[in-house]
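As structure tokens, here come the structures.
Below are two complexes that have chain A in common, paired first with chain B and then with chain C.
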Partner chain A sequence: MRTRHPIAASLAVGGYVVMLVPILFVVVTAFTAGSTLRFPPDGFSLRWFEAALTYEPFTSSLLSSLMLAAISAVLALALGVPVALAVHRGALPGRSVVEGLFLSPLIVPELVVGLALYQQLMVGFGLDNFQTLLLGHTVLMFPYAVRVTGASLALIDPAVEDAARGLGASPGRTFLSVTLPLLRPGLFSAALLSFITSFNNVPLSLLLQSRDFRTLPVVMLDYVQQNYDPIVAAISVLILAGTVLVAVIAERTVGFARVFGGINR
Partner chain B sequence: MRGRTALLVLPGLAILLVAFLIPSIAMLFSPPGISPGEVFARLGRMLTDPYDQAIVVRTLGLGLIVTVVCIGLGYPIAYLLSRSTSRWAGVLLALAIFPLLLSSVVRTFGWLVVLGSQGAIPQLLLTLGLVDSAPQLLYTPLAIVLGLTQIFLPLAVVASYSALAQVDAGLDEAARGLGANRTRTFWSVVVPLSGPGVVVAATLVFAGAVTAYTTPYLLGGSRQRMLSTQLYTYSSTTIDWAAASATALIMTVLVFAVSGLSSLAARRGATS
Partner chain C sequence: MTHAARFHGVSQVFGDFTAVDNIDLDIPDGKLTTLLGPSGCGKTTSLRMLAGYLAPTRGTISIAGVDSTRTPPERRNLGMVFQSYALFPHMSVADNVGFGLKMRRVPAADRARRVTESLELVGLAHLSASKPKKLSGGQQQRVALARAIAIRPKLLLLDEPLSNLDARLRIQMRAEIRRIQAETGLAVVLVTHDQDEALEMSDEMVLMKDGRIQQQGTPQAVFPAPANRFVAEFLGYENFLTDAGGATTTIRPEHLALSVSERTPAAETGAVLPGVVLDVAYRGVDVLVTVASADVSGARVELLADLRAESAPDLTPGADVWVHVPATHLVPLAAD
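Right after this comes the complex of A and B.
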């Protein structure tokens, strides 16, 4: 692209290099035939992919992470969408305070929340680590459930709902056959955002691990700290492929930039 | 009607209280067997102890540098993309957003491959004969700044882009039509009008950078401790609840203060 802004363009190129080039190096390293993370890689092979897919801590924690992300995304929506409805449609006293409370998990550092749940719920209250992780991830996703579906709700003309009520539909019927279908893109966006956020989370999950239930990012972090071989590069490439798939699904449905950047383009 | 609305909020509110607000407040001010007084005493000792002070100063300093670098690189990207009519602009925007979706462990691992002693940059410098032995790039402040910039730059791009997209491109043209050159138009029209959005972007990046864990852990290690890695050590290795609460208080107050200042600045900007 030709540009009339040479300074801005060179800064932009620098930005893209920092954002993307390290990821390219991970991809190249994953296909090495050698046994160390050296660059340039020694030959080409798929051995590290085989190693990653048969390494039990990776496979079992992958399943744990997928399960945790799915259940907590559903829980966050089930509890958060009614809140969005109350804030945008109901006669709720102090609605901005309520909305602020549900957005607050975005502000408090996740590591701090993780420590609080570990100390107060696991050690203090005797919950097991899966229950604690589930509660923590659900709370962490409230902001997405409330704000993203709320933004979508604000775009729906209440007159449509009033019309349904005027024609004799009950509030429940109005919600199910008028509001919910119009809300679908917002719900889908919130679900995808929540799922990705939970699946990638480290700081909140870090202190909430046990031998029986660990999440993939935390297992990878431990592995990297103790070993220096390309197996992590291979599992990273598999995660990259899965993430690209999620991005493609988002683009084909609601629009990628709209789901993940909040950008209407 | 009012009663029914309250019913919609109550289940979520109950979970929010039990699994977030109450545990957080209890942990910050009175961890098991420790009085609030002891936490504050520990906080006071921390703020005067040279070792802990160095960690606070490093966290703030690196956080500021990362914020400046992210805005300095992210704003130009957002500006060029928001003013571009090329069909590639959509693809480039997607490439800038995509890393937001990718695990921070994966992204940070990339820097181990690039900066590690067997990695691309040290090996390149050796091959070119510029150095005699592989330079130590990991576990340096530079490594942390690069890693955190990679993590938070997409956020800076997205937030700046939203702000810039709201500035009518017709205003740029009007300024040009009245005789302002490109530089003048940029600094006296585009920047002031997108300023509040940039403040939001900077706040998000700073708050993220001073609380991030993965990147300082992998790229800074025990040589470049930050508040987050220190908090983890207090909570899981030494199990020093008072020190953990005091460190968590510093992090939380820091993030709330910056968010508060930023919304104050945004309100000022809106009324002036």
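Right after this comes the complex of A and C.
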């Protein structure tokens, strides 16, 4: 174990407190029997969970969000993996420029991306807002996919791929039987990260919403602006529970450290 | 003599750096050839061109008499062992060894038999179900060897196969690789920067420097007659003397004799040079003595004598000595 500087340690603890305490408040208030978002809660009940799960705007937008996140994660991977391969394995001239280019959506403000997509795709090409959102989310997820896949690609010894070629495997066969299996944890974490980022996205989804297609965060935001009851806390707790479940599955199947270890490299 | 492979005027240029410079090289069939040279001299680059991972900038490479310069690695049928072993971490030992056979669509029953055969050859049949991560470095290396041999390659290429092993295992594996070479009759190209390894293992050794071949031949031919100063230094010739005609000659430390008076170990003809002892290093079996002297041209030289401990005169730094340089062991050198 490395020893921590006391100031760094107290900052870290402070950070966790700032992050976790409000979440705890939300969780506790979701179980209230009363009808206002208040702490401490009035009694205990599951009525707000029932309300959240039967409130049609929540359930339909939850499905929309899940669908959008799943499809854009898959699309981002389908585009990101070949790019990561080209950047890390191909003989690309000026690869750092290319890499920078593909990471640039990370620093362009999402509202700008959203507005550009709105003008070009919805107004210009007449795409509907699901298609535009899908495109927007895919563009946003894409740099994550390239980065995370690239990080796990960098961990694979290129000699392993050379060895497969030398033993008679074509480049395609080498990719399928050696590179891809070794890349699986990286792909899994890229997909998970993309999914979560898309699911939580507000700016793009807010800008590109329409009456027939809205994501859950947008609907929740809308709801909080007009009402102040614990149903929002309940749906938040449900999302939190879902996220924790995904994290547990990730830990059990691939290992949390391996899934998220790639992200910061 | 038939050739397993042949380099003809091969160069490899990276940007403005020439890593391999116009080499002509014949790899004899059924023998063990080593590429020997210091770090960065182009050994791995040459091997990678032979294996097909790197296209030569100029020149041609033929394998078993067929021009293979543009053949991709998967169609060269060569067995390569990488310095990092490069085992497939997600496959068992048996699947690693069987990978090349699977690519060749060898039926499962034949495949299993040949996997077992190859693993038996390296003494690891009992580990066929293990994952590579569970094995020691030496065992991983044997698996890499078995995997390369299983495809019955035209040539076996080994890039510094022993450099990641500890000293004892390294010595043991030298003999092991020789045995496997003899049993399979394969032509083997082994890259190393260790001259002892090359001398002990080679049928044929090729010395390289700065992307060029300096000398090629059997260890018995090369060792006593290094072609130039680089080869001599690389093979442990420590003493370089300029003779009366201005040519450079070299002699090994164990061939020098020292005496306290000028005339003692008479016997042989040759020069006797006066000198002063600079350093004495006792090493058990032998003693290394460094002497400051001057050669016949009058130039100041430092000479290193390697004496048998039991017959060495008792010397201390500062003592005057005579250095006997027997003419029969003097090797004339060509300019580099």
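Assume the second predicted complex is superposed on the first by the 239 of 265 C-alpha atoms of A that agree within 3 Å, B and C clash if a C-alpha of one lies under 4 Å from a C-alpha of the other, contacts with A are read in each partner's own complex, and residues count from 1 in each chain.
Quick note on the criterion: contacts are C-beta pairs under 8 Å (C-beta built on N, C-alpha and C of every residue); 3 or more make two chains touch, one makes a residue touch a chain.
The structure presented is a predicted model; accordingly, all values stated were derived computationally and were not measured.
**Q** After aligning the two structures on chain A, examine chain B and chain C and state clash or fit.
**A** Taken together on chain A, chain C would fit alongside chain B, as the superposition shows.
**Q** In the overlaid three-chain picture, which partner chain does A:Arg47 touch, first (chain B) or second (chain C), both, or neither?
**A** Touch status of A:Arg47: no partner.
**Q** Based on the superposed arrangement, let me know which partner A:Gly168 touches: chain B (first), chain C (second), both, or neither?
**A** The second partner, chain C, only.
**Q** More residues of chain A in touch with chain C or with chain B?
**A** Answer, by number of touched residues of chain A: B.
**Q** Does the superposition put A:Ile23 against chain B (first), chain C (second), both, or neither?
**A** It touches chain B, and chain C stays clear.
**Q** Once the shared chain is lined up, is A:Val160 touching chain B (first), chain C (second), both, or neither of them?
**A** It touches chain C, and chain B stays clear.
**Q** Have a look at where A:Pro181 lands relative to chain B and chain C in the superposition and call it first, second, both or neither.
**A** second
**Q** Report the closest approach of chain B and chain C over their C-alpha atoms in the superposed model, as a whole number of Å.
**A** So the smallest C-alpha to C-alpha spacing between these two chains is 12 Å.
**Q** Using the touch definition up top, name the residues of chain A that touch chain C in the complex.
**A** 157, 159-160, 162-170, 173, 177-178, 181-182
**Q** Which of the residues in chain A end up touching chain B in this complex?
**A** Per the stated touch rule, the residues are 1, 3-5, 7-9, 11-12, 14-16, 18-23, 25-26, 29, 36-40, 79-80, 82-83, 85-86, 90-93, 98, 101-102, 104-105, 107-113, 115-121, 123-124, 135-136, 138-139, 142, 171, 196, 199-200, 202-203, 206-207, 217, 220-221, 224-225, 228, 232-233, 236, 239-240, 243, 246-247, 251, 256-257, 260-263, 265.
**Q** Which residues, counting only chain C, touch chain A once they are in their complex?
**A** Spelled out, the residues of chain C in touch with chain A are 51-53, 72-80, 82-84, 86-90, 99-100, 103-104, 147-148, 151.
**Q** Please name which positions on chain B make contact with chain A in the complex.
**A** Where chain B meets chain A, its residues are 1-2, 4-6, 8-9, 11-13, 15-16, 18-24, 26-28, 31-32, 72-74, 76-77, 79-80, 84, 86, 88, 90, 92-107, 109-114, 116, 118-120, 123, 146, 149-150, 153-154, 157-158, 161-162, 165, 182, 207, 211-214, 217-218, 228, 231-232, 235-236, 241, 244, 248, 251-252, 255-256, 259.
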